[in-house]
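In what follows, structures are represented as C-alpha cells.
Look for chain A in each of the two complexes below; its partner is chain B in the first and chain C in the second.
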Partner chain A sequence: MQELTNMIREVARDLLKQKSVDLIIGFAQGTMPLCSTPCFVRQDDEVDRLIWDSFCENNLAKYLVKRSNKIAIVAKGCDTRAVVELIKENQISRDQIVIIGIPCQGMVDRRLVESALNGKEIQEAEEMNGELIIKGKIFEKVLNRDEFLCLSCKTCTHRNPVIYDILVGDPVTEIDTKPYLDVAKFEALTPEEQGEYFSREFAKCIRCYACRNACPLCYCQECFVDSSKPQWIGKTTNASDTAIFHIMRAFHLAGRCVECGACERACPMGVDIRKLNRKLSKDVKERFDYEAGLSLEQVAPLSTFQPDDSEDFMLHP
Partner chain B sequence: MKAKIIKKTDISSFLDRLVKDYEVFAPVEKEGLINFERISSGNEALFDCPNTKMSPKQFLFPQSETLFSYSSTKDTCELEVPPGPEKPQLIFGIRPCDAMSFTLLDKVFGGDFKDPYYLNRRANTIVVSIGCLSPKATCFCTSVGGGPFSTEGSDILLIGIGDKYVVQIVSDNGTKLLDKKGLEDAGKEKLDLAAGVIKKTEAAMNPGVETEGLKEKLDNSFDDPIWQELTEKCLGCGVCTYLCPSCHCFDIVDEAADSGGKRIRLWDSCQFPLFTLQASGFNPRPTVKERFRQRVMHKFSYLLDSCGQIGCVGCGRCITECPVNLDIRQVLNSIAQLEGVK
Partner chain C sequence: MMAESKDWQPKIVAFLCNWCSYAGADLAGISRIQYPTNVRVIRVPCSGRINPFFILASLQHGIDGVLISGCHPGECHYLTGNYSARRKFALLKSLLEYTGLEEGRIQFSWISASEGVKFAKVIAEVTEKIKTLGPAKKLVKNPS
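Up next, the complex of A and B:
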C-alpha cells in the first residue's frame, strides 16, 4: 500500500508542477484507526497528505459535480464508473478531469471489524500483506482483510478502473462471482416476505439523507423529498413516507447506480439500502443488457427511446 | 454526597420493580444496533455497552411529534392536543455526556419561551445514568464542561466499583425513586473507591479540544477562508445533527388531507439546504461551508450567549458516524490555532 501511496504522490506532484490541474481529489489519513478521509490538494507542499490504503471507502466522484476548474481524481473501479455516468449525464466534461485510476482490492468495512471485536475499542491498526493487525488497550488481533470487505466490494465485478488517464499500480484479477446471486436469493422469497424485509429495514431509517448525499449520482438540484410545491411525501419517519423515499430514490437510480455501496456505508443505522438498487440493476442488465458506468459510448437505456422498443407493458384496448 | 450501594447482580430485579410504575427505557441491542428501547423486564437492559447509536434526546424531544390535530366542517373547527404520557418515564443507563445534554435542552425549551410539550415530558422523566468507565478515543466530555462521571442532568448516577455500584443521589427525584427500595447507605470506604475510579478514568482520557478562548476565536474568524478548507469534504447530510444529543433545531409542517390534518414538529438539520431557504428563493447559507460553520458557531459561540452553555457534550457520535470523517475536534483545533485571529 505504501508503494501505491508513493506513486499517487508522485503523479500528483507532476500534475501540479505541470499545471495540468488546479485540484487533486484523493484520500488522506483519517482521525480514527481503519479510517481514511477525502482530501483536496492544491499545492505542491500538500501532496504528502495523499495516501492509499484499505479504508478509502468514499466515492470521490461525488465531489466532481458543479466544479469549473481542472481536477485530477484518485479513482477506484467504482469511482471511475460514477465518473463515466457523470460525464454521460453532462455533469462534468471529460477534458476537465484527469483520472488517476487505482486497481482496487476491495475496501475494508470498519464496522465489520469492530463487530468482530465485541465492542472492544480499536486503538491502532496496521495493514500488512493482506492482514489487519488490530491493537486495543489489552488485546492484539490479526485478521484476514478479505473477510472484512464492504458488502459492495464482495459483489463487485469491476475492481479495475474502467476509464483512466494514468493507471497507478498493476491491474487486479476481477472476482469470479456469479453476479446478482444475492438478488436472485431475494427474488425467491414470497412478496410478503420481501415486504416484511423492506419494512424492517426502512424502520431503521432516520431520514438523515446520508445515503443520498454520499451517492455520486444523487446530484439533483432539488431532491423530490425536499420539494414543498408540491410536497410529494411527508417528512416524518412514518413507515410509508420513509419507504417512498427509498423506493423513489432507487427508481431514479435505475440504470444509473454504479453499485459502489457509498449509500450503505454512509448510513449510520445499517439500513440495507443496496438491496433495492441491486434488484433494479439486475433488471436493467437482463432487459437492456446494460451496466451503468462501463462505457462513454453506450446509450443509457432509460434516457433514450427507439420506435421499435418493446412495449408489452402497454395495455391495449 | 448522598449515596447508596447496590450489587450489579441486583440491578435487573431493581429495574423489574420500576417497570410497574414507569415506562423504562434502557440500552438494548436490536438488529445489530444498540439503542434505547422500552424494556418490560430488567434483564433486557445492557449495562456495559458502547454508547447508543442514537442519543436519548428523542425521549424529551422526539424526531416527530404531533402538536395538535384538527378537523373542520363548514361551520366548525375542532382542535385536539394529544394527551401527555400516562406513566412517567425513566431512562436507565444513560451516559453522563448524554445526561448533560438535557441541561442544555432545558435552557433552550424552558427559557424565555416555555415549550409545554418538552417541559411536560421533562417533568415526567427520571434520569438514571451510569458513569462511563471506558471513554473512547473520540470522547471529549472533559473538554466541554462534563466528565465521565458528571452528574449534570441526572437524578441518579451509578458508579461502578467491582461487583457493585455506588448509587449517587443527585436530585430530589432521585431521593424519591430510592425511597423504600431497601438499599444500604454507601460507607466511606465505598465512596473512596468510587472517587478513585473517577480520578483514574478522567486521567486516562484523550486531550480532546481546547475550548479556552475558542468563542472569541470563532467570533473573529467568521469570514476566514479556513472554513472553505475545513468543510470542503462535507456531504451536507444530517448524520451529525440527528445523532447529536444537543442539536435541537426543528421544523414545523402541516400534514393535511381534505378537512382535517395535523401540525407536526420534527427534527431539522442546519446541514440541509432547506433549513434557511427563504420564500423568495434566496438562501443565506447556500453551501456546506456556511451550513457547517453555522453548526460549529451555534454550538461553541451562540449558545454561550443565549444559554450560557456550550452546545456540545463531547459524546463523539458526530466523529465516529460522519461518512467522510469530518472531525469536529480537528475543526475546533484548526480555529484555535489560527494566527492573527484574536
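Up next, the complex of A and C:
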C-alpha cells in the first residue's frame, strides 16, 4: 500500500508541476482510524497528503460534476465506471479529466471491523500483507482484511479501472462472483415475504437523503424529493412515502448504477439500499445486455430501444 | 372492513394515449360495446409521457389497479414514444413486483384506434384480475 501511495504522489506531483491539471482529487488520511477522507490537492507541495489504503471507500466521481477546470482523479474500478457514465451524460468532458486508475483489492468496511470488536474503541489501525492490525487502549487484534470487505466489493466484477490515463500499480485478477445470485434468491420469495422484508428495511429510513448525496450519479439540480411543484411524495417517514422514495431513487439509477455501494455506506440507519439497485442492474443486463459504466460508446439502455424488445411483461389478450 | 365486503368493486385507473388507446376507448363507446365501469380513464399525449410517479401516486391514493395503454409498436404518433415506454415499464413492473407488489396490479397493453373490441376485452380482463387480487394494500398512504 505504501508503494501505491508513493506512486500516486509521484504522478500527482508531475501533473501539477507540468500544469497539466489544476486540481487532483484523491484520498488523505482521515482523522479517525479506518477512515480515509477525500482530499483536494492544488499545489505541488500538498501532494504528500495523498495516500492509498484499504479505507478509500468513497466514490470520488461524485466531485467531478459542475467543474470547469482540469482535474485529475484517483479512481478505483467503480470510480472509473461512474466517470464513464458521467462523461456519457455530459456532466464532464473526457478531455477535462486525467484518470489515475488504481486496481482495487476491495475496500474494508469500517462497520464490520467495529462490530467484530464488540464496541471496543479503535485507536490505531495498520495494514500489512493482507492483514489489519487493530490497536486500542488495552488490546491488539489481527484481522484478515478480505473477511471485512464492503458488501459491494464482495460482489464487484470490475476491480480494475475500465478507463484510465495513468495506471498506478499492477492489474488485479477479477474475482469470479456468481452474478446476481442474491437477487435471484430474493426473486424466488413470495410477494408477502418480499413485501415484509422491504417494509422492515424502509421503516428504518429517516429520509436524510445521505444515499442520494453520496451517489456519484445523483446530480439533478432539483431532486424529485425536493420538488414542490409538483410534490411527488410526502416528506415525512410515512411508510408509503418512504417506500416510493426508495423505489424511485433506485429507478432513477436504472441502467446507470455502477454498484459502488456509496449509498449503502452513507446510510446511517443500515437500510439495504443496494437490494433495489442490484435488481435493476440484473434486469438491465438480462433485458438490454447493458452494464453501466463499461463503455463510452454503448448507448444508455433507457435512451434507446430495439423494435423487438421483449414484451413478456405485457398483457396479450 | 367495508372495502372487502361482497359488493366491493375495484377502482382502476387507465392511462391511455391520445392517439390510439383513447380513440380505441372512444370507438368502444360509440359502438355501444359493454365493458366494466370500474375504470377511470386519464388521457395522456403518449405512453412515453407517463411518469412512473403517475402509477405510484395512483396506488398511493387508493387505486386498486393501473392500466397503461398506448399505440402498437411502430404506430406511435411521435414515432418512438411507446418504444421508450416499453423499456421503462418493463423495468418498473419488475422492480415493483420485487418489492412485493402483486403480479397483475399494474398492466400494460397496446390498443389501436380501431380496436374498440379489444379495448373492452382488456378492461374486462384487467378488472377480473384486480377483483381476484382484492383491494390494494401495498404502498397505500393512510389506509382507512
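As a convention for this text, the second predicted complex is superposed on the first by the 304 of 317 C-alpha atoms of A that agree within 3 Å, B and C clash if a C-alpha of one lies under 4 Å from a C-alpha of the other, contacts with A are read in each partner's own complex, and residues count from 1 in each chain.
As a convention for this text, contacts are C-beta pairs under 8 Å (C-beta built on N, C-alpha and C of every residue); 3 or more make two chains touch, one makes a residue touch a chain.
Here the structure is a predicted model, which means the values were calculated and not measured.
In the superposition on chain A, A:C208 makes contact with chain B only, while chain C stays out of contact range.
With both structures placed on the common chain, the touch criterion links A:N118 to neither chain B nor chain C.
Contacts of A:Q194 after superposition: chain C is touched, whereas chain B is not reached. Of the two partner chains placed by superposition, only chain C is touched by A:I247; chain B is not. Within the superposed three-chain model, A:T173 lies out of touch with both chain B and chain C [touch as defined at top]. In the superposition on chain A, A:G234 makes contact with both chain B and chain C.
When both complexes are overlaid on chain A, the residue A:D309 reaches chain C alone and has no touch with chain B.
Within the superposed three-chain model, A:C39 lies in touch with chain B and out of touch with chain C [touch as defined at top].
When the two complexes are laid over each other on chain A, chain A has residues 234, 238 in contact with both chain B and chain C. Chain A contributes residues 186-187, 191-199, 224, 232-234, 238, 240-241, 243-244, 247-248, 250-251, 254, 276, 279-280, 283-284, 287-288, 301-302, 305, 307, 309-311, 313-317 to its touches with chain C in the complex.
The residues of chain C lying in touch with chain A in their complex are 52-53, 56-57, 60, 73-74, 80, 83-84, 86-103, 107-110, 118, 121-122, 125-126, 138-142. Of all residues in chain B, those touching chain A in their complex are 31-33, 49-50, 53-54, 63-64, 134, 136-138, 229, 232-233, 235-239, 242-243, 251, 253, 255, 264, 266, 269, 272-274, 319-321, 323-327, 329-330.
Taken in their complex, chain A has these residues touching chain B: 30-32, 35-40, 58, 62-63, 115, 119, 121, 123, 200, 204, 206-210, 212-214, 226, 228, 234-238, 262, 265-266, 268-270.
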